[in-house]
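Note that the chains take the letters A, B, C and D in the order they are written out, and that residue 1 is the start of every chain.
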Amino acid sequence: MLDGKLHERCGIFGVFHNKDASRLTYLGLYALQHRGQESSGIVSADGDVLKIHKAMGLVNQVFRRDEPLARLDGMHAIGHNRYSTTGASSLANAQPILINCKIGQIAGAHNGNLTNARSLRAEMENDGSIFTSSTDTEVIMHLIARSKHDTVASMILDALSRVRGAYSILFLTKDALYGARDPRGVRPLLLGKKENSFFLSSESCAFDLVGADMVREIKPGEMIRIDRRGARSYTVPAFEPVEGHAHCVFEFIYFSRPDSFVFGENVDKVRRKLGRQLAREHPAPGADIVMGVPDSATTAALGYAEESGIKYDIGLIRNHYVGRTFIQPAQAGRNFGVRVKFNTVKGVLKGKRVVVVDDSIVRGTTMKSIIALLRTAEPEEIHLRVSSPPILCPCFYGIDMPTKQELIGSSKSVNEIRRYMGADSLGYLSIDGMLSVMPSPHENFCNACFSGAYPIGINGTGEDA
Amino acid sequence: MLDGKLHERCGIFGVFHNKDASRLTYLGLYALQHRGQESSGIVSADGDVLKIHKAMGLVNQVFRRDEPLARLDGMHAIGHNRYSTTGASSLANAQPILINCKIGQIAGAHNGNLTNARSLRAEMENDGSIFTSSTDTEVIMHLIARSKHDTVASMILDALSRVRGAYSILFLTKDALYGARDPRGVRPLLLGKKENSFFLSSESCAFDLVGADMVREIKPGEMIRIDRRGARSYTVPAFEPVEGHAHCVFEFIYFSRPDSFVFGENVDKVRRKLGRQLAREHPAPGADIVMGVPDSATTAALGYAEESGIKYDIGLIRNHYVGRTFIQPAQAGRNFGVRVKFNTVKGVLKGKRVVVVDDSIVRGTTMKSIIALLRTAEPEEIHLRVSSPPILCPCFYGIDMPTKQELIGSSKSVNEIRRYMGADSLGYLSIDGMLSVMPSPHENFCNACFSGAYPIGINGTGEDA
Amino acid sequence: MLDGKLHERCGIFGVFHNKDASRLTYLGLYALQHRGQESSGIVSADGDVLKIHKAMGLVNQVFRRDEPLARLDGMHAIGHNRYSTTGASSLANAQPILINCKIGQIAGAHNGNLTNARSLRAEMENDGSIFTSSTDTEVIMHLIARSKHDTVASMILDALSRVRGAYSILFLTKDALYGARDPRGVRPLLLGKKENSFFLSSESCAFDLVGADMVREIKPGEMIRIDRRGARSYTVPAFEPVEGHAHCVFEFIYFSRPDSFVFGENVDKVRRKLGRQLAREHPAPGADIVMGVPDSATTAALGYAEESGIKYDIGLIRNHYVGRTFIQPAQAGRNFGVRVKFNTVKGVLKGKRVVVVDDSIVRGTTMKSIIALLRTAEPEEIHLRVSSPPILCPCFYGIDMPTKQELIGSSKSVNEIRRYMGADSLGYLSIDGMLSVMPSPHENFCNACFSGAYPIGINGTGEDA
Amino acid sequence: MLDGKLHERCGIFGVFHNKDASRLTYLGLYALQHRGQESSGIVSADGDVLKIHKAMGLVNQVFRRDEPLARLDGMHAIGHNRYSTTGASSLANAQPILINCKIGQIAGAHNGNLTNARSLRAEMENDGSIFTSSTDTEVIMHLIARSKHDTVASMILDALSRVRGAYSILFLTKDALYGARDPRGVRPLLLGKKENSFFLSSESCAFDLVGADMVREIKPGEMIRIDRRGARSYTVPAFEPVEGHAHCVFEFIYFSRPDSFVFGENVDKVRRKLGRQLAREHPAPGADIVMGVPDSATTAALGYAEESGIKYDIGLIRNHYVGRTFIQPAQAGRNFGVRVKFNTVKGVLKGKRVVVVDDSIVRGTTMKSIIALLRTAEPEEIHLRVSSPPILCPCFYGIDMPTKQELIGSSKSVNEIRRYMGADSLGYLSIDGMLSVMPSPHENFCNACFSGAYPIGINGTGEDA
């Protein structure tokens, strides 16, 4: 459970050549809703004109009525769910971004964060460019528009060769769909197919909903271009020499849906192994039950239970009716935010020694509230286990974490954290243990937020001053 | 999972003497959201005037902004979540119902179904009464207004003595809160307290959210009246001689939240026992995993896993972003409705012999789709286990089931159902097995929908022609 | 301009036998929008079931989308625009009112005020009736439901025979449309026809919009019943001996649209005569221009100009974009409410001796602001002329005026009013002058608000204590 | 009445140094609502950050609640009402446009049309710029961002020196407000003041509402810059040698409110003179009454009546409740669109010889419907008089007229138009007559749409292919 913001885990989805392109994109975005709930948008192409509809809110709020989808006609479409970054949470930052430039209309939808966006932006502003959002995507759109290359494909490649950082990104023109991944492969992007239609998605779960088959992952540093004649692969010219991949471990720890396949493996499978490894590293002998913080830590808790032999149980119920707005009564009482989301199952917890598994801890405030809530059900002991290591450093590739000071793992020792939380014991998974269960080779995974070992240069970010 | 409508499991909540009465009622209704999603409403009393706000939608849609709650000032309030009955799903049927009559303003909020509402209504219409809804609640309000008794309490008792059927019901006047349960105790109703404030609620989970302590259940046939001097208990004069209680087993099987306490027991505890008993009656030797249909059958599946020793796992993910409106693309494909709600976890299911536990089957169409969906993940075998008996007969006390013909348990043999579903085996819990795990004494539970043995006369319902 | 509330000038409209019944009712209500802007509603009958849609707001806000109109299918319909009375401005009081009673479904839509509603209501509450609104209409619906007569027509007549006061009222059942007027004919009601369809409307302007021809006025004390065989006329049994008619003069002075025909005459014609008579009674020798307060006093101003020979001009522009909600800046300044609605035409006013004609003055506060606004354009003199007499007494037949103390005409002399307003001279039309231009016979018009001579008993109103 | 679209008569309003800046801008836009009803927006500056809120709809729909205005804090603000041009009627084209560029944030709000926007846009796109709207404003923002000059003021002047066409335009930075008019002065722009606050507005009527005094007009070719030290005037470098001014006559004929002052004169005064001149050129001897098509032709009709001595009267009532959406019943009948807006006053028209004055005729379809509607009131004769000449040519400076073929004045003779309309006679004002009543010198007024004599080059517009 991430109670600090781990941002920019946006969801992107694209369709090429389907009569129902915008409606299938709507479905795809709906399956990717967990990657971003702030705003949602779709651009469709009918072979001639690109049309857009985007607004603040969940996918099925933005497309509550059929009217905007009906208006987004055409055989191709891309869509985006946004999880707000540092930038203002405003409509101006909603995606896709649709522009006109010398090649006509082109739209972009981006998941990731660039580390040299600021300097590129300053450079282009200095040269007379105007910006209407604070997104990295707009920087890339400008680079495309400014490219001297002569085809759209090579203009996009030219643009991408100038950016450093993490991106999985889609582009749509009136007659082609493009998907690209940064050379380190920080964020996932997959190719799907169904009859004559192509699909691109952040996660495979969206293919399941639209009834498409997963073909393969877009490779790190690959750009795919899909038009009426089929799909063609390109290599993104590297900004700097690439030393291996840097898949974000958090996709397995928390971001992706357990029923998705990313980075060469089923998420559920890896998440369960994290739980098993956690049980090996931090057993809880004598505990009566293992429970996870729903829903994200459920799979890890199952793994912990399997490995430890301790009975799995459900001690917290999650309320799924929580919407974006919730009025807090004056007399709401302590831990209200957590109580609105969760309730304890008293019969399960009372008098028990309980292992509580969570996937990660950022600031620690939410987990502190959850433990206080669990205490009201009078368990004998609470042993907190975390299926990832302490977060020590901010992320610059698309996870807009709090500053170092706000990271509880950075400012407190494990024992201090335990005391702060009010747990009877606390165990974090080790970095090695975590990497050991990642799909091989383990060097392909970025663990900078746990280790500070940043695989991609971060000049141009807020930190390089 | 009830894919036929099992209606009138509305949620009711009341507060007496709290400065934040309407906001706490909003919270209580929010905790009871699972009992009704069609409409929501609150009436508050400020010692002088009763005010109302109700609308179609979820609690936090109806009270999206603070404005209506701010308008509902006063120290006392009652609220209602409606799960539509046969009656039109319209605002006219939303509750609470607020009326003026000779005693001034009085509001009512009702959970249950009367079996003599039609004849009472016809009788009163014949005598010149007018009705503006198709709710049973309005019938009761008329009976109160027509009573010749001289206090509000005795007028309500007089009215309740004339109705037959199931009700847990709240009334609010400018200076008192009333809560009553029918003599058979079909639906739950509980009393809570927090400092000087009293609370009444369908389930105890709502007390947890508002920070109140559960005091006790309102007894079958009891009416409680709360005013500034405290709470006083009355006996509802029986419409006919009462032969024991008739608690609705479905509260334990499906309706109530697992973290609630009703009918003298924690729901989670009984639901788990149902799963255990199911495992004893219908084991699945050789199965690899046990999974429940989320979220309602999860607890029973845990019980089945514990008793059978088969590993519990999660093979279906539920999408919690499904709202009331969802646009279905033309090319949505088969089982779309189920696919939007669920996705399989392929790694868990592939090649496995799977026990799937569900809580109940009404029409069977949804379960058929779920099994088809599970098959796409290529399990070796699917063994369906249902933690309640086949539903053979309609309910007249608040569960507005399909007609007998539509009940798959009524029109097909178990083996025919298995074939229709596409399961490799199918086992339903027995009536005796089900009753054996209910809180003692077992005779206190109604099982008419499984057995046809109706404990309360049903003259005046649609069946008595 | 009525700046005190002159209420209950609701608009009613009905259609019998037209495939487009609810949409034509929507149009009719739209033409009658000036009679009430608080809420709007339509009930349609499809020969079997009556359906309703009503909400707060203007007609084209309540029916913004086609969906509710499409749902209101059926060949017959009635609709209502409400101008709020003393009762709370709430949805509960919106009309039509649709009820079930012993004769099945019946809906009512009412324009007028009863003087014995309170006592009838108290009497029926005492006898066990419940009320869900504070409208007089609900009282009448109860009387119908309670009638012992044996046909709907005679039940309605029976009910109307028990009420005293002003009403033009429509009823709809599944197969018949009824329209009735009180024996004094206080409010208008007209019959229209177009091919095989019948129409009933408060004013004739609604017939123009739906393309129907006016047939005749419903007579005071007449009830018309329209079914598939045609229209049939009944006499409403009088509550008390009737001494002539009591048409509300305010329909000619202010309420009705100038393009309507009511009480046997074109409104425009009478309104112009009021202006002519005003010029005869209160000339303004030496004045340069005559202007009216737009839009209601424009016609009277034209009459004044014609009679006096003084040039008509337009010195105030009315802003027609004012909606129900308008945010008032902190620094809005004096007379903001009037300035948002009006602006002066400086070139017309500067240095001129101006005759300003308004139709009526209630509290006087708005007119005081208008004169202050006009002064900013620096006219030489302002001569205020009012095309109705000073309002001295409250109205009990459907005009919910301020109390006597608030009526400026009641508490101040004409000269005091002039000084308060800041006008250079002030002339009110005399009662005799006003009556002299009404359609003959003049005794048929009620002038109680000017004279205190109430033609209908007011026992049972708020004044009879 | 313009029934073809005469576009881009947007309204702009700005405030400098007022605590209530955004709310006063809201008021100003409200007063300018007649200049554009498609979208509305405000940008405020609080000395540090610029904030924006814009949406489709009327001013008081876009700012229905106080929340967006409260968020738009700061001492300075500019706002815009849009009347859609050829460009899609979409949010992307709503103004103000707020950008980031090398000088930080700057917002622009523009009234007018450029004739070289296309070529500038193509040139900049070619050079790598991206566009997100189809507005001319965005072209100007790009020119500013690209300017090599070193102060904001000189960058704006540099940008404006490159555009050809019509503009009155406002810019806002965090600490200064700019207002500029094109060298020909096609559209109006005025300076107002109230205590220490400065105001800029398209028309003076907005000053009246916010309580400001008009100081003077911004001169053609002038840019004013307002900051904390006061206002300073600049000259816009001319794109090409300027030969006199080219004020748009349509501001006097139709666009501006009669209570406004623009181009050195009160609109009401000029509009009345147009009517007088029309009466001289095309008398209607023997006519009984003169009426105008409300509301825009009312003043001209008064002028016609004064000059001719024929009595002014009101024969058409305009319905002011027409909103943007109106459901048209299937059986709506002929001329429905006109009948929803207007109704005849039968008593005024019947048997009369009527002079109908309208301000202008574009396609002629609406006027044809109005005359058909008037005929239903059975006047003896209808003499149509138009207070402007026949429109022969499209406008390229901000009036996006239909193509030449669609202009009835271009494709038909006056007699053919008369027959098409169904009028008994038809008279258009002459060009000379029209110009003779404009404020002197008459050469300052553009009459290209009547004469084809375009004062500003139109290369780069749609016509130069």
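Keep in mind that, in the parts below, a contact is a pair of C-beta atoms (placed from the backbone, for glycine too) under 8 Å apart; a residue touches a chain by one contact, two chains touch by 3 or more.
In this text the structure is predicted, and so the values were computed from the model without any measurement.
Enquirer: Starting at chain A, find the fewest moves between touching chains needed to arrive at chain C.
Expert: Between chain A and chain C, the shortest chain-hopping route counts 2.
Enquirer: Which chains sit in contact with both members of the pair chain A and chain D?
Expert: Of all the chains present, none is in contact with both chain A and chain D.
Enquirer: If you take the mean of the Cα atoms for each chain, which one ends up farthest from chain A?
Expert: Relative to chain A, the chain with the farthest C-alpha centre is C.
Enquirer: Starting from the mean Cα coordinates of chain B and chain D, work out the distance between those two points in Å.
Expert: 61
Enquirer: Taking the mean of the C-alpha atoms as each chain's centre, how many Å separate chain B from chain C?
Expert: 48
Enquirer: In whole angstrom, what separates the CA-based centres of chain C and chain D?
Expert: The mean C-alpha positions of chain C and chain D differ by 37 Å.
Enquirer: Quick check on chain C: which residues sit in contact with 2+ other chains?
Expert: Residue numbers touching two or more other chains: none in chain C.
Enquirer: Provide the full list of chain pairs in touch.
Expert: So the chains that touch one another pair up as A-B, A-D, B-C, C-D.
Enquirer: Residue numbers of chain D touching chain C in their complex, please.
Expert: Per the touch definition, chain D meets chain C at residues 18-20, 23-24, 26-27, 30-31, 33-34, 58-61, 63-66, 69, 205, 208-209, 211, 257-259, 261, 266, 268-269, 295, 298-299, 302, 306, 311-314, 317, 319-323, 325-327, 329-333, 339-340, 343-348.
Enquirer: For the complex, give me every residue of chain B touching chain C.
Expert: Interface residues on chain B, with respect to chain C: 52, 92, 97-102, 125-126, 128-132, 134, 141-142, 145-147.
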